[in-house]
Amino acid sequence: MMSPLEQYALLLGMIAGTAGLVGCVYLIGRSFGKPRREEGKDVPASSGRLSSEPVWVRYHVRYYGLALLFLAFDMEMAFMYPWAVVYRKVGLEALLDMGVFLAILFLGLLYGWSQGALKRR
Amino acid sequence: MTVFLVLVMLFAGAYLVAVLEGWTSTGRLRFAGPFWAAVALLGRESIVPRKPDRVLYETAPVLLLVSAVLAAAVLPLGPHLVIADLATGALAVNAALAYVMVALVMAGWGPDGAYAMVAGWRFLGQLVAYSMLIVMPITAVAMRAGSLVTTTIVESQAGIWNALTQPLGFVLFFLAAMAVCFLPPFDLPTAPGELAGGIEAEYAGPRLAVVRLARMVLVVSLSLAVTVFFLGGWLGPFLPGWAWTSLKTLVVAATMLTAGRYVPRLRGEHVMEWGWKLGIPLALVNIFWVGITLVLRSM
Amino acid sequence: MITGARKGETSWLRRLAARASSKELAAFVVPGPEVARAFGLDLGAAGLRVVPSPRHASVLVVVGGLPEGLRDAASVIYAQMMRPRAVLVLGSDTASPLPGPDVSAPMDQESLSAAVARLRRAFAEGAWDPGVEDYAPEAAATETRYTCPMHPEVVQKEPGACPKCGMDLVPREVSSGESDGEEEEEEEAGELHHGSMDHGEHGSGGHEHMDHTDMGFMSMVEMTRDLQPSGDGLRMEWVEVPFGPLFPGLPGGLALTFTLDGDTVACVQSGSAVGRGGGCLQGVPVDDLLEHLGRIDPLSPVAYRVLALRAVENAAGVEPARATAYLGALEHERVVSHLGWLSSFGYLIGYEWLHRRAAGLQLALLRDDTGEGETLWGDLSDLLQRLRGATLLRRRLEGVGRLRTARAAEYPGPVSRAAGLPYDVRSEEKAYQDLGFEPAVQEGNDAYSRLMLHLDEMERSQEIVQAVGSVSAPDDLGVQDGISGEGDATVETPRGPARLRVRIEDGMVRSAELETPSGRHAQLVEDVALEHEVADALAGVASLDLSPWGMTR
Amino acid sequence: MAQAFFTGFFGLAAIWFGVVVFRTSSMVRSALALLFSQAAIGAMFLAMQTEFLGVLQIMMMATEMAIMAIFMVMYMMDPGGLGGMDMTHQKRLSIAAGIFGGAAAVAVSLLGGWGTVGPSTMPEAQVAALGEELLGRSMLVFETAGITILTAMIAATAVAIERRR
């Protein structure tokens, strides 16, 4: 049984290891020779036309309303985990407690719903 | 040692999943298929698009693979066959999976191609839809186990699988899992017919090979998560634990791969609307259902 | 050696990779898979995996020769494919400006399989070669222009500062096609979508390197004051994205361009890269008219042959008795063509099962064209049953590509019949009346109702084919030569009524006017695409069942 | 010792990413840099053996910063950074503020009496303790947090949706 710290170190090592693996893959790929620079080869593929415009424009994301609601829900989940862990020990009280909490949040969802925030714009 | 074993099984699983995918798409079961496909990809050129955000373009495949591997690292194949048996394992899975989205957003923005960019932001929207359906069912599972430790969660199902005690959560989590590894009908970021490959469109050769590998590992990790959280992980008669886990995982993966072929791709707005108007309320109902049953039993 | 080999001596590792790439042939099809299927070619069975992006393809498959409208597009696609790559040409032995071809074969399944086998060998042996020259068609040539990120309408040949805001101009590659000559046009485009971000007032030029202090804290209100707002009142920048002529989700040759505001279509330009129209028929001897017209649209050759026949008979004043003999052929082709559309549509909306099933049936029906195999008709009705019951399919398509009924009424054919208007040329023809023909009609006027209408039509056509029995297509005109006169005929092709008016003088076509359904329906593209999310816009366009070959360039 | 090293390492990583946020001219890059800066802080928490906090931080920052990225792409000029804009402004003031703030932080960390470092409890116990705290003493705080989040939701919706009325 490893100590927590050892486990974190292990995970960190796996990140490095995976990156290394990818590096090896690229090395093998490289050993087959360099890619040949040719006209139009590196232009992003778009249905047989050379797209000349840079596409990095101010992109219109249509679900920002939902994204904002999501942030709130994400936040709330932070409380759910510790609650879930002690739930069986505490029992009914925990149920009511979290019931109130979720009810409050559900109100928020309903409000957003009523305002059409759940719809794509 | 454990690390080595688990990783070997993980990548073996990825290979088998690749075989399964080839079978679902071509109808022929070729065990050498993925190998040749991989070698062919390694042997092909791989260029960087015209004016990319090089950092994002190169990081994306690595990050995708890393997050898939880390997600699997905290999930047990057997009682002691787990790389890192974290105290917050169930949470750590989510943490790892969150970076799948980050990777795809990078892959979308990096190459400065229109199809890829639309695809990348599409997947962020998909995350907004499925994320809660990953988190909430896991919470319900943790309630029953009284712990976030994945091994404890498996042991808590010794009596009866979570899939049976909380079917609602199981279904939601299964669908959300498919959405995480953007399998059909949730393949909005790769949509061949709509975006000519989407985020994959600009990756070729070895880079594409890494993306494909990461995708396969991701499928395995998610299937493993379904197995651990809902199908009683390694529990089962006769066979050794790891065998049961692998068996269940492969079955789940096969189901995920085949299911999507018989329905059309969902519309992005539907994924979001259904996720929030149907999914989240149901997930909350599931939590309360589990809560009430637990309280009643404790009385 | 293959034309698209990689440079280098062969080593064991490379030989292994060559072997692998010969096993895993990934094909990008020109004009498109639907054309291959229309010719009865099963690429999958021959061992070619069709892929959506040229980046993933190793073989460029050209079906039935390269239409000159697609030459540039095809050469760009080939230029964007990764080496080792090769060209396979079917039904022709040249495909300039593409190199090679490495392998060419006539258009039938056997020769295709043989060609693929040869291709595999070519890859296995010649994927690497010491002597490799670049492929540089002028269509793929790019030159660098310098433009201002804030003012795309500013485009110069040499670097410098933007005259409007003084920012450093950034280099950007343009295809040498659209250089100076088209710059004005490009400028308008710029004005149209981001040119309007003209915020010279805080650009306050002169600065080598502007930073935010010049612009206050970038008040978006000022900056976007004069951008045109989207549906939700936000003002963003738009970008022009090509969805054709060689886009995997749409029929090859359909040159579609969406201007996207985020993921939503703000402007549409559509056209065809392969359309011919009736002009090409002038000065053709009448005897060849059949062949010429039959070659106009590979997606429904029979209908056009019948059209030619009837027009000539009409001109010669012959009683069009023989025309009725071709009902079977017409209706059989309708079933086949609708199946082909179903398959492509299934691919577009990511319905893998539909894509494969429909394609399989289409090819099978093309093989034994009597459809005698009762099993085939059985499978067909199974397919129809299953699609009618598919709930998610309905949810996916309902409301997509909806038209105003009044608008649909102007476009006779499946589109208007899917809008509840029972007009159909066939119901006026005696031969059909004798068979008790009733045009199929669907309400809804959206992509789903069009899909359902295609299903109904297949059912009816199948009944007719079974009733008539013979499905032989016209192969000769059988009119005495040297005829003269005016001919006018209309035939309900799978995509709607096509009309041909010819003036024939002693055996030569003096003038010919061809009205094709797709030529008309092309005008609907904007209606179905505008203001929709890109996937829905594409589904809407596809639901019109356009044939680029019938559209005019 | 190793603990101190990793804490420091991730601390520096967090700072470096924080610098990148302003050194780059691409909005997406800077948003993602902030993301990884926050993730590095999460890693610091892990190195300091507060597992729940660390994992939570790593998880939440991924989604939240990504969502920040969409707003930056929507509302910032030239999100691709093609113009090579300089994201820093009011340089003198900010440098001064930076130095002062840094100095203050260092001073606090050095001069503040931190008491004796207690033995670190096992992560599992931490989570349980946190849960009991939530349901026990700080239940009110917990519920208030709920109200706060609700307010945030309503405010956000109202602001975001109002525009198209």
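Should a chain be cited, it is by its letter among A, B, C and D, assigned in written order, with residues numbered from 1 in that chain.
In the analysis below, contacts are C-beta pairs under 8 Å (C-beta built on N, C-alpha and C of every residue); 3 or more make two chains touch, one makes a residue touch a chain.
Here the structure is a predicted model, which means the values were calculated and not measured.
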Practice problem: Give the label of the chain whose average Cα location is farthest from that of chain B. | Solution: C
Quiz item: So, what's the distance in Å between the C-alpha centres of chain C and chain A?
Solution: 36
Quiz item: What whole-number Å value describes the gap between the mean CA coordinates of chain B and chain D?
Solution: 27
Quiz item: From the C-alpha centre of chain C to that of chain D, how far is it in Å?
Solution: 50
Quiz item: If you look at chain D, which of its residues touch at least two other chains?
Solution: 26, 51-52, 56, 63, 67, 70, 74-78, 80, 82, 122-123, 127, 164
Practice problem: List, in ascending order, every residue of chain A touching at least 2 other chains. | Solution: 4, 8, 32, 35-36, 41, 43, 45-47, 51, 54-62, 67, 69-70, 74, 81, 84-87, 89, 94, 109, 120-121
Practice problem: Quick one: which residues in chain C touch 2 or more of the other chains? | Solution: 6, 14, 17, 53, 55, 82-83, 149, 172-173, 231-232, 234, 236, 239, 241, 247, 262-263, 533
Exercise. Assign the assembly's chain-to-chain touch graph to one of these shapes: line, ring, star, complete, other.
Key: complete
Quiz item: So in the complex, which bits of chain C are touching chain A?
Solution: 6-8, 13-14, 17, 53-55, 70, 72-74, 76-77, 79-80, 82-83, 128, 132, 134-137, 139-142, 149, 152, 172-175, 177-178, 194, 230-232, 234, 236-247, 261-264, 533
Quiz item: What part of chain A is in contact with chain B in the complex they form?
Solution: 1-2, 4, 7-8, 10-11, 14-15, 18-19, 21-22, 25-26, 28-30, 32, 35-36, 41-47, 51, 54-56, 59, 61-63, 66-67, 69-70, 73-74, 77, 80-81, 84-89, 91-92, 94-95, 98-99, 102, 106, 109, 113, 118-120
Practice problem: Note which residues of chain A are touching chain C in the complex, please. | Solution: 31-33, 35-36, 38-41, 43, 45-55, 57-62, 120-121
Quiz item: If you look only at chain D, which of its residues touch chain B in the complex?
Solution: 26, 28-29, 32, 35, 51-52, 55-56, 58-59, 62-63, 66-67, 69-70, 80, 122-124, 126-127
Quiz item: Where on chain C does chain B make contact in their complex?
Solution: 6, 14, 16-21, 23-24, 44, 49, 51-53, 55-56, 58, 82-84, 127, 172-173, 239, 241, 247-249, 260, 262-263, 346-354, 390, 392-393, 395-397, 533-536, 538
